[in-house]
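The next part holds the structures, each set out as structure tokens.
Both complexes shown next keep chain A, but they swap its partner, so chain B is in the first and chain C is in the second.
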Partner chain A sequence: MSSLCKSRLQEERKQWRKDHPFGFFAKPSKSPDGSLNLMYWTAGIPGKASTIWENAVYPITITFPEDYPSKPPKIKFPAGFYHPNVYPSGTICLSILNEEEDWRPAITLKQIVLGIQELLNNPNPDSPAQEPAWRAFGKDRPTYEKKVKEQALKYSK
Partner chain B sequence: MKTEPTGNGGLAGLSAIKLPTSFPLVPEAQQELSKVNLYDTQFRSMVSRYTDQLEQTASKFISNKLEMEALQLIDDPLEKVRESIQKDCKNLIDEFTSSGRKITEEELERSRYQVALTAIKAQKRINYRESAEVSLDNLDVLRDQREEISCADQLESLLSTLEVDSATFETANNRLQLLQEHLFVTLNPESELPDAEDDDVAISGGKVSLICPISKRPMKNPVKITVCGHCFERTHILEFLQQSQGSGFCPECRTLFKKQDLIDDDLMKLRLEAHNRDLLILQYREKKSSQIGKKENGT
Partner chain C sequence: MDLRSVIDLVEALYAPNDPSSIVLIQKQLQDVQRSENGWLIADSLLEQESINCQFFGALTYTVNLYLHRESLAKNQDNISYETVTQKLLFHFNSICKNPNYSSKQLVVLKKLMSNLAIIYINTYQQWEDPVSTFRMTLYNNSEAPIGNEFYDYLTLLFTTLLLEEIHRKLTIDLTDSTEFHKSIHSHLYPRISLLIQSFQNTTNETIIIQWLSLLAALVQYVTQAEIQSTIRYGSLGELFSPLFNFATGRSIEISNKTIEVITLILDTNPSIFPAEINAELEQLIFAGWGGKYLDHILQDKDLNEDAINKYAMMINSFIEPQLLKLLHQLGSNTNDASRKLDSLVELSTVLCKEFIFFWNQFADIYLDEEDILKQKPAWSETQSKVQTILSKLAEVYWRDSHISEDLDFDDDDEIQDFVSYRRDIGDFYETIYPILKMPLLEHLVSNIVSNLSNANNNSLQTIADIESSLFLIQTLACNFNEDNATSEIYSLLKSILDSGLFETVIQSNNKLLVKTSIQFLTSLDFFYSSQLGEPYLESTLRFLLSTPNEHQIIASKAISSICNDCRISLAPVLPTFKILIDQIVVDPEVKPIIRERIIYSYSSIVQGIRSPSDQANLIHSLLNGIISKAIEVQSQPEFVDYLQSLLSSIEEIGKAMRLPSDVNDWYTPEERDAVYAYWIEDPLHIKKQITEVVKQFMILNPLTSDNYMMNEVCTGILKAGLTEAIPGPFVFDTYSIIDLLNAKILQCFSKNSLNVVPLQYSLLESLIKSSSIGSNLLTTTLQQSCVEYLAIIQQDPDLALCFLNILVVILEKKPGILIKGYLLHNILPFVLESLGSKEKFVLRSGCKFWIKLVTLRKGDKEDSVIIRDMIEHTELGPSLIFKLVASFLMASRSDLENFMELFKVILVKYPLNFKKWFNLAFETINNNQLLKKQIPTNDTVRLGQQLMLTRGSRKVNDLLKKFWLQVNELIEYS
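Let's look at the complex of A and B:
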């Protein structure tokens, strides 16, 4: 890990502990020897109140590359997560997480998780990442909402 | 009328200009020339206004400098600090004075020529028109007069090309503005400059961030991307650029830039110094007040 990557991640952790948005959590994982692994985090994204996503916290994993923050972190929901912009593997398709699109090293962890929360209830129909959720979102809204609510129950707080 | 305007533009050219020997030819022109002094006075009042402004800025700078060194005064021998302040301020004032003098001299010289030229040209035109009836007797006189007019025209056009050199004036103004900016940020390290209307550089709510957007830590050696104005810690933006094979996008706004587009950000550096100074003063005051608190509790 480059020193820049390490110091930036330490800073992100410090800032997160000092202040983070309500209902979210994010923490670096522990290595088998008990030390912190700053390159791999687990986090939780609360669904916004008064949406079909509410009353649940959706788990994500965040993997930082060696050349972070030049390159964006890779963020995944559990495999099979139901959302038009989430690949079957769970990888999130979001422009601010794409180096070729809108990723900027200045983007903070806080901005990323807030961006993902926003994406939950505002899918981007122009970048489908999975067949079922994308098709239902476009053509069969009742089924889509039913599926999302079932998923919310699964991850309910 | 053999005299040709000499000099080929530029400041050196200005001092090389010599009025043709036939200038001034007529008493009316001489009279006009005597009015140049009147013009001088007007010009002088303008220069003195400008000088006043310089002086004010300098004195503000001095008091600010004193404030900056106040902390040092606590521990360092007074003589040493005073010496350094005096040296800094003297250099500054010397610089102001000499540039102000230079501007005055150049502008005065130019205005003198211009008034003389206008007067002489006007006079020549009148003479030429009045004696427009060509005869064998006045043929030579007329030719002379016509040549004088064209000579005056040439000189005037040369002077107008020299106007470009009022860039000197502009440079001095820019430096004054720069100094004012420097003064402002030393007093308000985290505030946006007052006139920066079209400047959206790292500003949120009128505040300027002193944090490097890449490392999210306070900057020490700030460099600026000239194309977009965003500012980063030198080593971090260079590392970023290296990872992007020499040509990258701004980590803040994704504007494309190259290594050559990076320059030291002196203003940001000054902000950082002033910010650190404020932190030190704050720490010192806290220490002081907690000492006082302890004393009060003790009694």
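Let's look at the complex of A and C:
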């Protein structure tokens, strides 16, 4: 890990501990020997209240590349996650996570997770990543909502 | 619009009104603001007595300052920044000197000040010292000494807003600001510095508060200026000197504000404090005023919550940057560091929540620095001291992780707050575990064991002790696994389960304890998979199955995880499990997710049974129960969701019956042969039973056959065993699946009920992927269920996408099926057309199809010869390039990426023909006027040549993107 990457990730961890949005969690994983692996985090995104995503915390994994923060982290929900902007592998399609779009090194972990929370209930129909959820969101809203609610039960708090 | 109407609209805007009216009023007023009378309207509104009108007048100035920024800068339109400044100062004077001035009008004054700040930012080269101008205006241009406290307050307020506005502007606008910073440093800063010093001895509390805000704004600006320019402000020490007098000698409000400003300065730019200020601050915190102040504010914790938080934040911000130094000093002779840390531990016993961040940082830095500290002679003293500190804190935070008696379970915010803080405590325990190691875990476990053995173990205190210890062990256990868990850890966990945990939890009837116990058990997967943990599986499962309904969702998750991981050891619980299964199958009130997880869990254990006939008997019995219930409710629309859950339960059985690992690892050769022989014969006709159920609900039952989700479950059942290496109850004969698939597709097209066809096509795709379908059967099926309906498929993007996906998988797996027969010829118009689709997924799959066909990685030599011949010697080559180029040029920006790879592979595979076909494509595009404008031949020829030179490299993307922008007369955003 480059020193820039390490110091930035340590700062991200510090800032997260100091102040993180309500209901979210994020922490680096532990290596098998018990040491901290700053390059790979697990986190939870709570669904916003009064939306079909509420009452659940959706797990994500965050993988930071060696050249972070020049390059964005790769963020994934579990494979098969039901959302129009999530690829079948679970990778999230969001402009602030794309190096060639809106990623900037100044974007913080807090901004990223808040962006993902916002995306949950406000999918971007112009960036479809999986066909079933995208199609249902556009053409069969009752089925879409039923499936999202079923998924919320799966990840209920 | 006349003035009276404008005034009425403004009043209506700020009166309670429905949102749609507000939007309408806003629109009308915006038009007025932006009209050519904007400035006049602003003046007239500011002359009204109504505060709403005055504020809107000041706001109208802001709008016009932005709207006319270019003409103002050029002194056009008979109005300049200078005249606007004079008018704003005039209005300011009129309002603040009006005998009827009310403090409610401060909002108007602030808006006017903000407008002045905007003007200063745009005219700093001419207007160098707005603070003096402002102050002179207030004092009627006389060089009056400080005399009017209200004017002094307004001057400080204006200066603060000015600095904040400058800071905001320079944060957003990243153009070179060197000259601006220079001007501020030379002309504005001396005035501000004087102003700050001249109020250092004031006793007026309103002025002190504003003075503090000004100091904070100045530090923010100075820090920014030193980053953005070469300007250096040097020591600002003299400006800070009264800070501590304000902190210590005044009301809580002043102390609080001072502490807030000190914290902001420490967080923004700690080095701006000179050493003597730091020393003074340290003295105050550790040896003087701090303790007394804290005692004072702690007298009423609720009332002073904000003050307590701010005080703790100040200490955090002051000490945290010194942590590394403190750690290095710990073991040396000086005990100053030790004393400081001891006082902070003491402080943390009172301000637990506020200091958790600090101690997490402390532990992290220690771990990060451990290797270096080990090299020091005083390492053992350092280590021992750190361990002592963290052990004390572990106790403090263990106590604080207890559920409080007065926690209101109905207050969601309060609960969330507690959960969030507890997570921070869990995080702290995880961080300190590598430092304290086993004693930390032992302490928690011994607490649980002793509390469980306590005769009075149902008291609230005991329950709270057990609950918080379980919670913390659970956070630690999440990091344990078979590789890193030691035998001591296994023994400790065993001792908890030996102490009657389950009985106490059930008897307690305490919601939180039940929930935490479930979470605790979920974290023990490594334990249950071990020899030591195996004997506890049965009791654990019984406990989980007995948890109250409100916890069944998380309990079912734990059950399915444990059953999945420990299936072989759990066979003895099957009879008990079956009783529960029978209940949840017949009870429509059970939540679908619980029913499905429990059935999955039961089936996982069944899968672990080695004898296939025993397996089959249990599955048969389970299926009978589910199917008979499904048949019973099949014509009752009110039970559709229940029916769907029953069918989903069958799908869950299918998933659970999959081999959890490689067949040769799972079975001995003898077992494998026995399983193989049994399921080929299938004496109980289980497969038939399942396919009949699918047929019933997917095709025959009118209530369910058009239901998308029901169809999804049915196809899920058929897919469940497709990837299995040996036969099993869900590994169906391919012909049976194809029969169902063909029948269903025929039904859908006959009834024009196309919404579920994609599910069938997806099933076919899975069959091809899993290589379970032979070439002849696939060819017939494709012809019968796809090509036959091509005209309809072409019109429906969902069907088109699914069919394209099938074709792509064929090209990946068995391209010969498509290429050697007649199929490809039949579908060529369709796949060519897909390149022009405006549906993103269709276009994506269409491009993928052509990439696979052109590259043909899986094809044999004959396939390659056929395709090359088709592309080079029939109309296919030119048609493909024409369609590709035309579609690319007409595509939307976000779709361009899809085409790039196809261009590249054609360039690589057919370099000799590419240029010819490329030019031909443009000729056709121009001749048929497919684009708004003709594309000059020179441009297209040049592009063709440039593309040839790339040889399919990444440069193709840039060339094509540039050309697309040119043809569509657009520009690149970035």
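Some observations on this one:
In the analysis below, the second predicted complex is superposed on the first by the 157 of 157 C-alpha atoms of A that agree within 3 Å, B and C clash if a C-alpha of one lies under 4 Å from a C-alpha of the other, contacts with A are read in each partner's own complex, and residues count from 1 in each chain.
Quick note on the criterion: a residue touches a chain if its C-beta (ideal position, glycine included) is under 8 Å from a C-beta of that chain, and two chains touch if they have at least 3 such contacts.
This structure is a prediction, so every number in the text was calculated from the model and none was measured.
In the three-chain model built by superposing on chain A, chain B clashes with chain C.
Of the two partner chains, chain B is the only one that A:D67 touches; chain C does not reach it. Touch criterion met: A:S156 reaches chain C, while chain B stays clear of it. By the touch criterion defined above, A:S2 lies against chain B but remains apart from chain C after alignment on the C-alpha atoms of chain A. In the superposed model, A:K27 makes contact with chain C only, not with chain B. In the superposition on chain A, A:E11 makes contact with chain B only, not with chain C.
Chain A is touched at more residues by one of its partners, and among chain B and chain C that partner is C. Clashing C-alpha atoms between chain B and chain C turn up only in stretch 185-193, chosen from 23-31, 95-103, 149-157 or 185-193, once the structures are aligned on chain A.
Once the two complexes are overlaid on chain A, none of the chain A residues touched by chain B in the first is touched by chain C in the second. Of all the residues in chain A, the ones that touch chain C in their complex are 10, 13-14, 17-18, 22-23, 25, 27, 30, 32-36, 126-128, 131, 134-135, 140, 143, 146, 150, 153-154, 156. Taken in their complex, chain A has these residues touching chain B: 2, 4, 7-8, 11-12, 15, 67, 69-71, 102, 104-106, 108. Chain C meets chain A in the complex at residues 357, 360-361, 364, 367-368, 416, 420, 423-424, 427, 430, 433-434, 479, 481, 483-484, 553-554, 591-593, 708-709, 755, 798, 801, 840-841, 894. On chain B, the positions that touch chain A within their shared complex are 213-217, 236, 239-240, 243-244, 249-254.
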